[in-house]
Amino acid sequence: EGQLRIAEQFGIVYLLLNVAQDQKLIEKHGKSEGVDIRVQSVQLSGGPAINEALLSGSIDVAGAGVGPLLTLWDKTRGRQNVRGIASLGNFPYYLTSSNPAVRTIADFSDKDRIALPAVGVSVQSRILQLASARQWGDSQFNRLDRLQVALPHPDATAALIKGGTEINAHFGNPPFQEQGLAGNPAVHVVLSSYDVLGGPASATVLYTTEKFRKENPKTYRAFVAALAEAAEFVTRHPEQAAEIYQRNEGSKVPRDLLLKVIRNPEVQFKIAPQNTLALAEFMHRVGAIKNKPTSVKDYFFDDPHNASGS
Amino acid sequence: MSARPDVVERWSGVNAGQDEARRLRLAGHAGDPAEVADADAVSGTPLKFRVARRAPSRPHLQPRAVGEAVNAVAAAAAAVAEVDAPPHAATHQPRLRVDNVSLDYRVDRRSIRATHQVAFDVMPGERFVLLGASGCGKSSLLKAVGGFLPASEGRILLDGQPISGPGPDRMAVFQEFDQLPPWKTVLDNVAFPLTASRKLDVAGARLHAQDWLARVGLAGFAGAFPHQLSGGMKQRVAIARALAMSPRMLLMDEPFAALDALTRRRMQEELLALWEQERFTLLFVTHSIEEALHVGHRILVLSPHPGRVRAEFNAQGLDGAQRLALGQRIEQLLLET
Amino acid sequence: MSARPDVVERWSGVNAGQDEARRLRLAGHAGDPAEVADADAVSGTPLKFRVARRAPSRPHLQPRAVGEAVNAVAAAAAAVAEVDAPPHAATHQPRLRVDNVSLDYRVDRRSIRATHQVAFDVMPGERFVLLGASGCGKSSLLKAVGGFLPASEGRILLDGQPISGPGPDRMAVFQEFDQLPPWKTVLDNVAFPLTASRKLDVAGARLHAQDWLARVGLAGFAGAFPHQLSGGMKQRVAIARALAMSPRMLLMDEPFAALDALTRRRMQEELLALWEQERFTLLFVTHSIEEALHVGHRILVLSPHPGRVRAEFNAQGLDGAQRLALGQRIEQLLLET
Amino acid sequence: MSLMAPVRRPDRLLDPQPYVPTTAQPVPLWQRLAEASGWRQALLLVLLAGLWEVAARLADNDLLLPPCSAAARALVTDLASGELLMRAGVSLQLLLQGYGLGVVLALGLTALATATRWGRDLLASLTAMFNPLPAIALLPLALLWFGLGARSLVFVLVHAVLWPLALAASAGVSAVPETLRMAGRNYGLTGPRFVAQILLPAALPSILSGLRVAWAFAWRTLIAAELFFGASSGQGGLGWYIFQNRNELMTDHVFAGLALVILIGWLVERLVFSTIERWTVRRWGMQR
Amino acid sequence: MSLMAPVRRPDRLLDPQPYVPTTAQPVPLWQRLAEASGWRQALLLVLLAGLWEVAARLADNDLLLPPCSAAARALVTDLASGELLMRAGVSLQLLLQGYGLGVVLALGLTALATATRWGRDLLASLTAMFNPLPAIALLPLALLWFGLGARSLVFVLVHAVLWPLALAASAGVSAVPETLRMAGRNYGLTGPRFVAQILLPAALPSILSGLRVAWAFAWRTLIAAELFFGASSGQGGLGWYIFQNRNELMTDHVFAGLALVILIGWLVERLVFSTIERWTVRRWGMQR
């Protein structure tokens, strides 16, 4: 109680956390709960590193994609019982291509290469598999795997904008996809995660162990409240949010681009998880997770703010 | 074992010892002048630097010298006692006993014998020379006595105790040129064993080392590193290093082989002079019969590979003719096989 | 330059040469028996293994031997021409001319002089000995002639041409024991330069090397690696390696220093026998005056560090008394400074 | 003092002890066994496995550090299914290519460095500058020059192998004793022949240790780099296997993959490097 | 044949040439300059920068490979703003800790390996097994034992430094000539004193090359590991700087960071390793 160590990854999808910290929202809500909360945050790279940090007890709250949450939930069920706290908002993931011949995923040929963070296991890859399963049937869900290339977002974006390599498609995330689209007029959207998941969907989530939640109920509550306030803040003051992001991260990303991402009508800042079950069920179907999730409450904590989740 | 003594005097005992002693005292530190004269038949020129060498008083050695004096008194007392005792009582305990020692080297899966059942005794204060053909195992024997090479058969006893590894009581001069740590200057090379074996403190060791470097004619090279020296100079540093330690036992493996005649003679004189002072026991390998006769009290002749004892001769107190005869005798033996 | 000849016969010329030749022919390959007798005063025992050594016919050397014969004929023709010409015409062009050479080593920021303006000539087929105190720069001179050390002053000419780096025409035996590549067996060590310099093919080189190993008494160690040899054995391998090449010029730096008297004499005889066959030019460093007189046609005496020329003596065709006198003369010179 | 002069003893003359060299005096088996390091190393291996098991059980966090037994089970399963073998095969093949190329380049660079002063400075600068560069720095270059796939991996591997080996080899070459150099020059060897026949064999102890380090770093780099380049069309190697299982939190399989890396490392050490060492530098007395 | 016997020449006896050792005969300045490797290396550095510029302009892809000039500009900007210096300071501090600890452990392990047969086998097995392990393998252990933050980084750094240095040092120690060992033993040195006063100095050429390799690998590992162990509250080092700029596609800043790594590497080589080498092994004639 009174200590909160948060691990996040890099990027604008963690904007809510940035705002909550910058505005000292967590400390504020802690006071009203009657605890002095010391917030520490670390930036790590990659879902696995974050999961390991959480499992080793080095951090209390982890921020990562829905994919790592589902994996961790599945593996720790009956043990640490890791579940989600809240969503950090809905962001669309775009599959973009610079090959004019590619309009839908059915147009990919053997000459195309799709860059994404990790072949087969990343969220982007799962979404692409889900789309493939819809297109060609469940048995062919990994039909496009052989075109996939694991490449960090920055390198993939650079390759897409400037050409010169075999990579001509990228399943990215904000703000890389926006940069890609802005950097090269030939780049266009082939697939959006929202199309596949059935509407606006949570991209990144926060999660923790059952133990932490049980032992630190006040801190937990204060944290959730702070997130809710941050979401409200961002929706109301996008410019200020962008400023906070730039200041906090020491980011040199142009303000306009940030604002474009924040103001994107497809982007919504709300802490209730949305449209995650489709992905969860799919992952179970293809055997990536063993436990079958029946509702979002399985892998999110049963909190009021999650009640409306899907 | 067909031992046949070829010199009449067997146990010349105390009287002979006293004669010898008087002779030595007369000759002073320089050893027997007659000896020098006939060993270096070609020239009897007095060696210049002996005079110079005596000058430094070496005050830093005083504490030890006092101890030495006490020892000397004790030794004298023992010697007085000795007069009554049967002579062999005093000489019974050899400093070094090499007892049927065989030395083997492992090569791949076989083993190669370097020496085969070699036996000899070295008495305290004796200068003992090993002679033999190249490759007969002289260096191996020396290394075994130094504690570097285990005997595969037989025992090596030092004062009756089996040797248990190397130690600064048996300083060695090796045959190879690379025996000087290249990262120490010439001076430090000589001083290091003195400090390493805790004989002297650093300052004392350096003073003492400087003195010894002057004695081997390398005073001007104290600051040089070994790789800047010629072969003979390296060997002289090794000699200085060993002599500076004044060990109870000194092992020297062809120490003067790389030296020109003059330097060699100087080194021999230094060695003998130090022996006069310290009466250490010396095990000395050489391939020069002349040198063996000059340096040695006793000479052990080994037969070629693998080395076995061929003969052992007394070489002290011989006159010129006897010496010549012994030299020829040894040469004959070496040629034999 | 106060050159004063100490032997009456100056340019004894062709006649003297012929006398010398007859004398040598009489003595056979063994060199002058008288020479052997007084050099090794103590024993005139015939050396056993010379008889054995002549046995192998060395067929693999035939092609070269034919070429040699042709050369010999040409040489003979030249020699006939020489009879009429003034003697200095034939001897005017030295094989090696060391022309006021100074050698310096760089140490830190200073440079240290090893030899200072040394000048001498070595005629074709001459056996030239360098004598001097330890550290006077003999090895440095040899290395300079070998092309390993640049002269900081003066020139070194080989057949009138400045030397341009090392080469197999000047095979060297170094003073150090670590001159044998440790990754080659003894046999390969001897055979390698023969193939490396493309003198023989691999099979021929091995046969020839085997022959030479037998001559230095190491036939049984052909398969051993250098680290398994004693110091003297290593030096013998180096000697075999150099002699097997029968180079036009041979540089030897105290090659026999690590050998016992008997082995040393054998090696000397091998060297002289090979010289009789091949008439190479020999530059030989030793610190034994006796060896210098035995091996050398001419002897150069260097003064101590840094080495400068002190004297140069003729040493061929001396009778016993002259030889003794020269030896004493040289000794005197060496003691002088 | 004078009384301490040694007493004269009688001469003796012996017929030398007869010695018949017993032709093959093989070292007894037990002694050879006692000296063979294989069983001692195997024992240490088992001991380490035991330590792992204990540490894991104490930590009791099998998603983070599974016990050795779990990893062993996973290892056996995946070995039996052939997956691990296939993946190890893919990795090894790449590894050998990159390693081979790296070794050739390193020795070439070393040869250059021994030949000229400029070469020496070039090697010194290049290693000082490029050796500390992490693989990320190379990623864009590899993408641009070699594209995706094996060639980029080989490029990254060469980077891992080249510098440490070149450093070790050139240090070894600089430490070759002067006398040996002179002997080689004396044979008339120059240029590449001199390097190949004198300097490299004489520097072999250093080169061997460089080869060992380079081998290890090639593995490290490969496993890290396969994430980026390895896995188009399911052909990933061990690195891919480890990465994928890590992503799916199949920690026992991750450790099975790592254990295979360890095993391969140990086998290569025993079968290749130790053997080379025994047959060369040890046999030649250049190393104990 | 016999006519080829050399003709007798007259003897000569000279008063030796007087030689007065000109006390300090300093080597001329231009010669010292010509031999100093500094300017040659600097020239090579400039040349490499030129090559980079050309390659970048040819590739014309400033997001993947910006030209040298752009990186230089970014470098100057960020150096001036103090950011790079701060980050480099953070990294260097960690690096030195890990490096120091690794060196101590490596030398200790080497000493152990020289002392006993078990120690030797232990070192051989440990290096063969752990050296190829990528840092991922250590992450869980580091997390379990040390948590997030500097201590884990130091642990990973030690892993990077320990094995290559131990390998190089023990190879160097095994190659110490027998005679030198005997000389040391003869002084009565045993155990740690023998190792410290004889074996380590004698193995210094190998150890130095091991130190160089270890230094480079420490850098590589640090920059890669900073991503895993992250930056708390903006306190990341150079690795984090590179990662962040890469994420924002500020490729020129990425290369500015890498250039700083290169520069530091080169400076350390010139100021530390070269100097040590010149003052020890070169001066002692153990290395040319």
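Just so it is clear, A, B, C, D and E label the chains in written order, and each chain counts residues from 1 on its own.
Just so we're on the same page, a contact is a pair of C-beta atoms (placed from the backbone, for glycine too) under 8 Å apart; a residue touches a chain by one contact, two chains touch by 3 or more.
The chain list, named the UniProt way, goes like this: B, C = NitT/TauT family transport system ATP-binding protein; D, E = NitT/TauT family transport system permease protein.
For clarity, every value in this text was computed on a predicted model and none was experimentally measured.
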item: Neighbouring chains shared between chain D and chain E, ordered by label; value: A, B, C
item: Busiest interface, counted in C-beta pairs; value: D-E
item: Distance between chain centroids, defined by C-alpha means - chain A, chain C (Å); value: 86
item: Rounded Å distance, chain C centre to chain D centre (Cα mean); value: 47
item: Chain A and chain D, separation of their C-alpha mean positions in angstrom; value: 42
item: Geometric centre distance via CA averages, chain E-chain A, whole Å; value: 42
item: Per-residue multi-chain contacts in chain D, two or more chains; value: 61, 64, 140, 143-144, 243, 246, 283, 286
item: Multi-chain contact sites of chain A, meaning residues that touch two or more partners; value: 52, 55-56, 152, 155, 158-159, 164-165
item: Two or more partner chains touched - positions in chain C; value: 176, 178, 228
item: Chain pairs that touch, as defined at the top of this document; value: A-D, A-E, B-C, B-D, B-E, C-D, C-E, D-E
item: Contacting residues of chain C [partner chain B, same complex]; value: 42-43, 45, 105, 107, 112, 131-135, 137, 139-140, 175-178, 224, 228-233, 236, 254, 257-264, 287-289, 327-328, 331-332, 334-335
item: Residue ranges of chain E touching chain A (in the complex, touch as defined); value: 59-64, 83, 139-140, 143-144, 147-148, 227-234, 236, 240, 243-251, 253
item: For the chain B and chain D complex, residues of the former touching the latter; value: 1-7, 9-13, 16-18, 20-22, 24-25, 72, 75-76, 79, 82, 87, 90-91, 106, 108-111, 113, 116-117, 123-127, 279, 297-298, 303, 306, 308-314, 316-317, 337
item: In the complex with chain E, residue positions of chain A that touch it; value: 7, 10-11, 40-46, 49, 52-53, 55-59, 152-155, 157-159, 161-165, 176, 179, 183, 249-253
item: Complex interface listing, chain D residues touching chain E; value: 35, 37, 40-41, 44-45, 48, 59, 61, 64-65, 117-118, 120-122, 124-125, 127-137, 140-141, 143-144, 163-164, 167-168, 170-172, 174-175, 205-206, 208-210, 212-213, 215-220, 223-224, 239, 242-243, 246, 251, 258, 261-262, 264-266, 268-270, 273-274, 281, 286-288
